[in-house]
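Two complexes, one shared chain (chain A), two partners (chain B, chain C).
Right, the complex of A and B next:
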């Protein structure tokens, strides 16, 4: 297990290098103009001379490889550079906002996995039953529903009609301080919405896995031996049925990041995902590169986690990286 | 063994999540309607400022809450002294402006405000190394100097009549901002100013919170805590207003109408200079033809656009100046006259072809019209315009695109554009109509080239005589009737819905770009809480 982790860590380095270069190249080739993005609406009335000066100051008229190399050599020494779009050092932008995004994404992920597994087991147990049919239909609908729409619906229902949960923000709008109980209350709705939008996938795979496992010989044997249904379900079927889901947890991380962006926008959640789109359309290289490294690292970690869990859950599979 | 741990973990998680939800639901908490006592206000805005540093452009039009300018606009858009003790003395034929500063003003950290702060602010903005995209607005300024601690003198490159209006710009403290990197220093998020409010927190993407400055030179504000929540989506903003999370918000007309019957809230309609216009590029053989321009100008039904697209929240526009402004040239209104349009085209030799589209010398009367994708208002205007033009026999093909797509095509394709700034007519019209600025950034997108207009624009900005200025801008507006290089469609009102808990609310005339300086909270520092305890929804 340690060997696999070590090998993965080594392999991650060229991957990160390649990804950052690719992101720089794609951003360079895109039609977005970093100067216009920096200037915003003021750019619509600025003179060409002013815009040219901005272009020179922001350093966007240098060739691609020069900028990438300068960024890389500075980044390995710890200097992540300055974000043009946020007008602040990149390190400040990230440390300020990353924590909230991680909190939201992790909570939502756990909600999705927990609820997905629970419902999947119950539905897989009696395929074709009432629970299975209703939840499956709901899952397919939710899979197609955009997270943005779910967010608006949730706000309308919980904040407006029932009035039990706040409609957005990190803390109460009128309060100055950030306290854990306020954050917890404000976290409920965005995490639920993001979790529910990721849920259908987990539910359907667990349902499929558990349903298949219940038809296999070991389960028939366990039933024949007279074991309680509950033991059969959780001890034998679930463990085998979780395998397909576990292996692909890592591949859901990019979906989570995209979903987090939409949810953060709807709920005014001060996370980093919303800044990512701004960085991309403004071709803000330092911020974009730092966020890409983070996102790539998250995906690689997700894959590593999948493989570790698979190895733990299934004794037939060794850790070969 | 591992499965048991997984099972236990899942069970613990599910219980935890359930407990959290029930705890949250069973704790209704503090956000009841009204968001607290009436000496605090929470409003919802659509756009977040990029920076809070005046050196990078924040507060250039005043109302910045944290800072003051030398002068300030009042509710009627007249200049009043703010950090200056009185209006400036203009001398040397309009080339020198002398301001005497108000004594006894301090920044919120206790340091005194003096002339060196003014000089520092303007000199840093003019420095090419400062990334300020609005530097062009101070184009007329050559240099600024301090005479002692309480007098500032501005020297201009050329006589520029509206210069005093540019001095509403926020002033930054030299002792704080001078020691940092102007483009990336901490001042951009931790500003210190002389203004009525002090920033207590900026949660990026979520909200800005302010508290009253007790030592403000014009008296401490009655509204002690002020929060601006950044909510980009109109529907979410309306929902949060209705849920009581906000005291006020900017809303589009269709959502604001939903609050019309609400007794506890008032709707404020801010008049604006915010217009929508179609650029008719000079380099397009059809759009550049004067007869086609004049025909389109009378073929378009502006009143219907106001009634249907803006739901009555606006008025027809015949030029960049709104019809109710003192700068409007009387007599330049055009009637909707489809028959008249057809007559103009017939007389100019544009004969209807087989499919109804007119042709002249083998050139078909057809050109593309671009609008910003995702902007429903512009889309509606563009489609209405195309439909009106079709009735007169001119085919307009509407297309959506982002600015990256539109920009390279602006020289030959029509664009549904917006703009407008109140204050002086020069701010708007010079950049829009001067032929030498054609193709300069986004200025004069239609490459409009009219010698009469050029001369009038120059006359208008160089003389200080109000009668001569009015005559110059009248000439510009009349020239636009004879050769309308832009078809102006509508002036849009901005609608705000606010809880009826305070007295003293009003709106100024607003520009196209309405940041946090606009709205009924432009003067939140003068709001007085109502004595009856305010009405709660």
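Right, the complex of A and C next:
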């Protein structure tokens, strides 16, 4: 297991290097000019001489590979450059916001797993029944519904119509300290929306797994031995049925990031996904590049986790992959 | 899915919705002599009524008309993006599968590397650097969606290559080109076509998300995502209809297309055991 982790970590290095290089190459090919972005409106009236000097100061007169290499060597030491839109070092922006994103994503994942498992077992128990058809239809509809739309409707209903939950942000606007109970109240809506947007996948997998497991010999044997339906369902069918879902959780990281990009923006949640959107809108290249690489690393980590869990859950699968 | 009546019902509902959508986006703009951009501030933010079934937006434009036009743009972007992505994916997948060896390994590593970046993030990155507009959006959707098609086509080609009729063609002296164009490509096309159809709603979703984030189409080409985005201020003043209907216009075609594609898929892969497989 340790060997596989090591090998996968090594394999991730060229992928990450490739992604960073691609990020720089795309920026090079695009009409985006870092000097004009840096100078802002002053750049419109500045002399060519000043612009050239600025170009030299920023180091953008260097060829692509040189700039990439300089960024990379600096990044390894923790210096990711400065974010123009946040007016702070990129590394500070990430360390400050990463925790909030992890909190939101983890809560949403728990919501999705808990609800998905519960509904999946209930629906898988009697496939084709009324409950199954209703929940499945709802799941396909949810799968088709964009997360930002769900978020906006949730804001309208819970924050505006009922007035029971805050519409966005991390704390109340009047407050200048971050207290756990305020964060918890502000977390409910975004976590629910993000969790519900991830729910269909979890639900469909558990439903399928439980439904299939109920038709198999261990369950038939358990029923023949006269075990209670409850024991059969939770002890035999659920355990077998949850396996494929659990082992694939790691591979859901890309969808989670996609959902977070939309949900954090809708709810003004101060995480890194919202920062990514701000960085993109303002074409803040240092921040955007760092966050793209960070997201890639998260996806690779998720894939590794997925393979490790798979190996742990099913001994027939080796750790050599 | 055991009940054939449910099955037929699903097929017909889906076909009906897709047909209605196609007719609406094709016929309404040339036939209906209404200006979707017509501003009438005395009619602003009216809730749904007989006169305006979806209500009006914050400057008094009819939302039903706006939604039809938005769907038209979203559908167009989705179709073009899915087409580009399918051509790209089929080309890469077929090349990897047919040539094998070193080419195969390099191309599939590339596919793996690409799929390590979350789709929407890659799309955001591309659009941010190339400035929002129709073509950057189509390009950003296309570059993120060809990966699964490439994988499907490659595995299909790999399994085809070992079949007797291909081996017979090769031992009969058929050139590589002839095998590829006469035997491999026609056999792969249905799978690629199915992937393309399933990709259209995906691409529409992607475009809406980008437009919603302000990184998609310019606001004068209002797609469904733009409509939801511009409805945000109305929502805060309590008007839910400008947000609700564009979203429904996105969900309904998605479900209908998936329903149609599902029937096609059942014919194509009759041994498919799980709903979750392609």
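Remarks
By definition in this document, the second predicted complex is superposed on the first by the 271 of 321 C-alpha atoms of A that agree within 3 Å, B and C clash if a C-alpha of one lies under 4 Å from a C-alpha of the other, contacts with A are read in each partner's own complex, and residues count from 1 in each chain.
Basically, a residue touches a chain if its C-beta (ideal position, glycine included) is under 8 Å from a C-beta of that chain, and two chains touch if they have at least 3 such contacts.
No experiment lies behind these values; they were computed from the predicted model shown.
After overlaying the two complexes on the shared chain, residue contacts for A:8 are found with neither chain B nor chain C. Once the two complexes are overlaid on the shared chain, A:160 sits against chain B and chain C alike. When the two complexes are overlaid on their common chain A, residue A:257 makes contact with chain C while staying clear of chain B. In the superposition on chain A, A:48 makes contact with chain B only, not with chain C. By the document's definition of touching, both partners, chain B and chain C, reach A:32. When the two complexes are superposed, the chain touching more residues of chain A, out of chain B and chain C, is B. In the superposition on chain A, contact of A:152 is made with both chain B and chain C. Once chain A of one complex is fitted onto chain A of the other, the partner contacts of A:269 are limited to chain B, with no touch recorded for chain C. By the touch criterion stated above, A:88 is placed in contact with chain B alone, chain C being left untouched. Within the superposed three-chain model, A:239 lies in touch with chain B and out of touch with chain C [touch as defined at top]. Shared interface residues of chain A, touching chain B in one complex and chain C in the other, are 31-32, 152, 155-156, 160, 167, 265.
If you check the complex, the residues on chain B that touch chain A are 2-3, 6-7, 10, 13-14, 17, 20-21, 23-25, 27-31, 35-36, 40, 42, 50-51, 53, 56-57, 128-129, 131, 133-137, 139, 183-184, 186, 188-189, 200-201, 203-207, 209, 211, 225, 227, 229-233, 235-236, 239-240, 242-243, 245-246, 403-405, 419, 431, 437, 439-443, 512-513. If you check the complex, the residues on chain A that touch chain C are 15, 18-19, 23, 26-27, 30-32, 128, 140-141, 144-146, 148-149, 152-153, 155-156, 160-161, 167, 204-205, 208, 253-255, 257-258, 261-262, 265, 276-277, 279-281, 283, 285, 288, 291-292, 295-296, 299-300, 303. On the chain A side of its complex with chain B, the touching residues are 31-33, 36, 38-48, 50-51, 53-54, 57-58, 82, 84-89, 93, 96-97, 110-111, 114-115, 117-118, 152, 155-156, 159-160, 163-170, 172-176, 181, 184-185, 188, 234-235, 238-239, 242, 264-266, 268-271, 274-275, 312-313. Looking at the complex, you find that chain C touches chain A at residues 2-3, 112-113, 115-122, 124-131, 201, 205, 208-209, 212-215, 225, 228, 231-232, 235-236, 238, 240, 243-244, 246-247, 250-251, 254-255, 258, 274-276.
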